[in-house]
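Read through the structures below before going on.
The two complexes that follow have chain A in common; it is paired with chain B in the first and with chain C in the second.
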Partner chain A sequence: MNDKNIMESHMGTTAIKISARDVQVYYGDNHAIKDVSIDIEDKTVTAFIGPSGCGKSTFLRCLNRMNDTIDICNVTGSIRIDDEDIYDRRVDPVQLRAKVGMVFQKPNPFPKSIYDNVAYGPRIHGLAQNKADLDEIVERALRRGAIWNEVKDRLQSPGTGLSGGQQQRLCIARAVATEPEVLLMDEPCSALDPIATAQVEELIDELRQSFSVVIVTHSMQQAARVSQKTAFFHLGNMVEYGETGQIFTTPQDPRTESYITGRIG
Partner chain B sequence: MSTTSLLVIAILILATLGYFLASKRAISTAGGDRRKLHSLPVYYGSNAAMFTAIPALGVLLIWLLAQPMLVERNILSTIPDKLIPEGSSIGLVMSDVRRVADGLEVVVSTGTLSQNETLKLDTEQTDIRALLAGVGAAVGSDVQPEVLKAAQNYRAQTKMGQSWMVLIIVPLALIGFALSVLAAKPTFRARNTVERGILALLVLAASLAILTTIGIVFSMLFESINFFKLHSWTDFFFGGSWAPNFRGDSDLSILPLLWGTIYISIIALIVAVPVGLFAAIYLSEYAGPRVRAFAKPLLEILAGIPTIVYGLFALVTVGPALVRVFGRGQEGLLGLEWMSGATAVLTAGLVMGIMLIPFVSSLSDDIINAVPQSLRDGSLGLGATPSETIRQIVLPAALPGIVGAVLLAASRAIGETMIVVLGAGAIAKFSANPLDAMTTITTRIVSQLTGDTDFASPETLVAFALGLTLFVLTLGLNVIALYIVRKYREQYD
Partner chain C sequence: MTDAIQKTEKKKSSLLQLDARTRTRNAAETRFKAYGMIAIAFGLLMLSILVFNIVTRGAGAYQQTFVALEVELLAGKLDEKGDRNLDDIKKVSTFGYTPLLSNALEAKVAELEIETDLKAKKMVGILSKSAAAQVRDYALNNPNQIGETVGFEFLASSRVDGYLKGRVSRDSIGNDKNISPAQLDLADALKAEGSLAKRFNMSFITGSDASDARPEAAGMGTSMIGSFFMMLVVLVLALPIGVAASIYLEEFAPKNWITDIIEVNISNLAAVPSIVFGILGLAVFINYMYLPNSAPLVGGLVLTLMTLPTIIISTRASLKAVPPSIRDAALGVGASKMQSVFHHVLPLAAPGILTGTIIGLAQALGETAPLLLIGMVGFIASNPPDSIATGLLSPNSAMPAQIYEWAKRADPAFYERAWGGIIILLVFLVTMNTVAVILRRRFERRW
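Right, the complex of A and B next:
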């Protein structure tokens, strides 16, 4: 399977979607991310792996400026999406987040109906001309979230009433509904059972057709299964970045090798 | 020093002694090795102190409450009817008896007369009134022989009661002391016993609060029943006018007062809810930690201002300011003649609203903070602005809790007295004009019960019926509020 992934990523487009250079992140006095430079490709699943506290989630949250909501967080360096510096003064973080969607570790459906959960983003951004348009957007998003068949008969029931796996797929559908270009996923399967995890992973593979997906995961098997590129983070540094198959079979750095063979972590 | 205080001191000394003896004995029976004891020596000591003091002090307390009642009943039956003057009651005579008895007690203790001499006292030979006045005990009129006799009886019975009290309580303390000190052996589970004692203390504290509430309700209920015996309940609940008249035959209807209460409360809530809610939203969602650190306590200081001070504010500042705007004809700001005096529904409502702001904001702030951060992140992550997130996600999620907070504020507004007394006036009427003076249930309760009152007339007793209605009203609001708040809480737990 890894070989197949490598083949695919070689064959597909290799346009750079996100390009980060010398990114430093400080939480107060704590230097959480040190000198990270990475090029993330379009229409590719990129996995961030590494032990807890290594900074992979922090770096992910830099990509849509979610760290702005934390007062003591300070980001330096440059992150460019489609060659536009997202930390530029002229960039509205709110607009940016519509372009760079995010799925969180714990499913967080709003206490609203399933329909309203998905329609939330399109309504805010005025993506629908009328009710029929909105219905169509919601249906398309739920289909892409691979949850349409399970919820199509109860769109008006609360999103919080779904099972954990369904909730997470609803959250993915919700993120997809705003037509983002990049989808960030922060350990999207850590609160799910193996069956729900398999469903979400399958979904991630399909989403690759339309988006650049960046996924943070603790499970190396998951990284190997879903991603084409993998970055290994350790103690705030990005240690190694490359084709997923290469990282897992012939890592260049001894720290990467120790981690994937289970000696550190 | 009186017998009772000596007794209490003796019990406490015995308990302290028990504490040390029991812990010593526990260690010595374990052969000096603390590890062989079931509990720490402290527990053996506490157990002994507990068993020495608590039964003895408990019986003492009951005795002190019961004895005067029993003695008085005995004495009352001996007082002949002719002793009761016209227009007076047996209670007044009894208080004379008590005063004479207390005076004689002082006479003996200061050494003016011996115990035997007081028993031989006679109204014919001695001026008892002067004798008592000499030691500082004032009696209203000359002491009659029957009163003196009753007082002497009273003293004798009280003395006998006290001797019995000592005879019963001292052995009780000694038995508790002996048993608990003897029980201090390594196998005795002193820790568990002490824990059970603490549990009993906690249960007692909890039941005291509940019993007091029940007591309050019952006292209101009985007086209200008395009121409804004298005044028709249809007039009280459905009549249209409030005109108490101490010569009798008054109109005592709750409706005009209820209207005033509700009107003022609604104005107060119209002020307090938006301001309090917006303040809460700013503090919980926008303010940085530094602003929050000083703004929140500052807002809560408002809650610590006594309501009478708010009343003064209404009377001297807000009321005249409103008159300047809405009244005084050509001299006023708007050239209107709508408001004549400073006291008005609007005055009281505005000031009460200010009083309620911290109440609403503090509760709403807690509730808004309880909305999980993951929901905010989810919304922000979809490209919503902070204010869209608050409007569409945070507030709907917090809404039931906020409604609960508003209902709690409403029940405070309904029960508020001082602001209304000073700010709203004293005229009971139905009027939709917020610039009119009006009055509320609470202020009428105050005015019906202040001054020289006779607790047998409906004009006074109506206060209890008003109070009970108010209690039921606010209780209902609180129950609904708590129900809503609890239902809301279940969503996130």
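Right, the complex of A and C next:
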């Protein structure tokens, strides 16, 4: 009942893409995420900020069930994408992950050619009928990853030979190649220098046209630059969630204020 | 106040002068480096002594003394009826051929005008006992040549061979019934005329084992084939089973006490003495499953059991070495667990898996103890197998088993062949290990 009201109140502005209710995550006995409820909007960049170990990455990994790979991890509560419970027993996490792409903290291209890196997802999901199709998908993905101009002449050279920033944009291109609806980014710029960071941030802003982007970041400046909505996590709780501008200028919760002003974290 | 001043004065020291502590530390470091160098030098010394010994003692096996003779294949002895019927020719045993050899030697002695008081029958003693069989084989294969004079190269007897190699001397044969000084004189004379000489002996590498009486004819070839078939069985069974087990344990199996127990036991299995696997093979494969004795198939099965833990351990180590970020990346684009393993993890782990497999195979190749118990050690002088099935099922030996067999025979001529066999075995092992190192160097990835 209550959930419905909240959803309806947001419907007016933008559609809700992901809706989480009372999510609890346990690593063995460790209660890592406590009672998190959040509505993430479509075609919006949502930033998760908070000090180290506050659970923001853990929560992010719940959204595409990457936590399933950790044996001792246990998730309860409900997370719905387009009103479908992703923790329903009928959901195959593999299918979910095709819909919810992910970019990791450390650039992790496959030790294969740039082309094969991007083509891998479309190949295993059967998105291309023939070689020409696949070429087109790869080119489109690399263009959306803002790396096409740098690599178009050397698609067959190994992806691991690129610079760190290029590798990360290649990983983003790889993630968008499978046409996901949501893109999760786990501190995508923490291993990059400022110039590469600026390029990736610009890219994130463009990706907002097509996807709902959720980004975990350590850098509050980054959150302020790229996101429209910000959620502040502290000790496993989601303390505050709102418009980015409002969070950074007039935080409601004293903990948010302390973090933003640099007193904790 | 004065104390403080004194202290600061004490602390003041020059960088150009080593203080006592630094000097002791440096001395300890120098000593440690020296110990390390001594240890390595000792190891290298031992290795070179080993290699030197093996080569000097084993090289003789690759040289053999041959006697060139013109033998007249007397039709009257070999084919009395004169119709060249193969069945009739077969009835003449090798004993029937010995007179041909003595005639040939007598003729040679007469031709070269060698003075000797040996009877023709005794002269044959300088030839290998395999000589008559060699002539007989020739006659059976070429019956139309009967009645002609044909040139042969016979192996000299092991005593004459030893005499040429310096192993046998006139003093050492005092009580030897197999050779007399007069026969050595004959050998000397023939050598001087050039019809008796040492040369490279291919049949040591290609031939099969021979009986106690003719060490000069024994070779490694058949046991190499036995080893080859065993390695084939090991490769075909141990690689897929080992890799599948490791992938399951490393990537799919839940981490609980059952998998912990399995893991501990695999490590323990790697340390089980190989003879235990031998007796297991005897009990299960031969006594219970009635697989044939002495067959390379059984040997291969036993060695598979022995090699599996090695392969599993090295495969798991190389799977573990693949960074988790690659698995995350694959899962992140929606690959299933199996796709992430087979498309990404396994290709990256492949060089490590191959290296482990080759090293496991090399270990199995040199293994003797389990073969003792399944009957692959002993006098097994079989012919080269004519098909894969007979190769797997007919009795055979293996290289290390053959070496052991030779080493335990009394005749010093076999002792030389044991060392020669070790050279072949070592060449195989060094080659395999080199291939493993090259593979690792070549395909290893750095992250």
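Just so we're on the same page, the second predicted complex is superposed on the first by the 252 of 265 C-alpha atoms of A that agree within 3 Å, B and C clash if a C-alpha of one lies under 4 Å from a C-alpha of the other, contacts with A are read in each partner's own complex, and residues count from 1 in each chain.
Everything below uses one rule, namely that a contact is a pair of C-beta atoms (placed from the backbone, for glycine too) under 8 Å apart; a residue touches a chain by one contact, two chains touch by 3 or more.
None of these values were measured; they are calculated from a predicted model.
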Overlay on chain A: chain C relative to chain B, clash or fit: clash
First (chain B), second (chain C), both or neither touched by A:95: both
Which of chain B and chain C A:69 touches, first, second, both or neither: both
Chain B versus chain C as contact partner of A:174, first or second or both or neither: both
Contacts of A:15 with chain B and chain C, given as first, second, both or neither: neither
Partner chain in contact with A:120 - chain B first, chain C second, else both or neither: both
Contacts of A:106 with chain B and chain C, given as first, second, both or neither: both
45-53, 99-107, 135-143 or 369-377: stretch of chain B that collides with chain C: 369-377
Contact residues common to both interfaces of chain A (with chain B and with chain C): 64, 66, 69, 71, 94-95, 97-99, 101-102, 104, 106, 108-111, 120-121, 124-125, 171, 174-175, 178
Chain C residues within the chain A interface of the complex: 254-255, 323, 325-336, 339, 343-344, 348, 445
Chain A - residues contacting chain C, complex: 64, 66, 69, 71, 94-95, 97-99, 101-104, 106, 108-111, 120-121, 124-125, 171, 174-175, 177-178
Of chain A, residues touching chain B in the complex: 64, 66, 69, 71, 94-99, 101-102, 104, 106, 108-112, 120-121, 124-125, 160, 171, 174-175, 178
Chain A-touching residues of chain B, taken from the complex the two chains share: 288-289, 372, 374-385, 388, 392-393, 396-397, 491
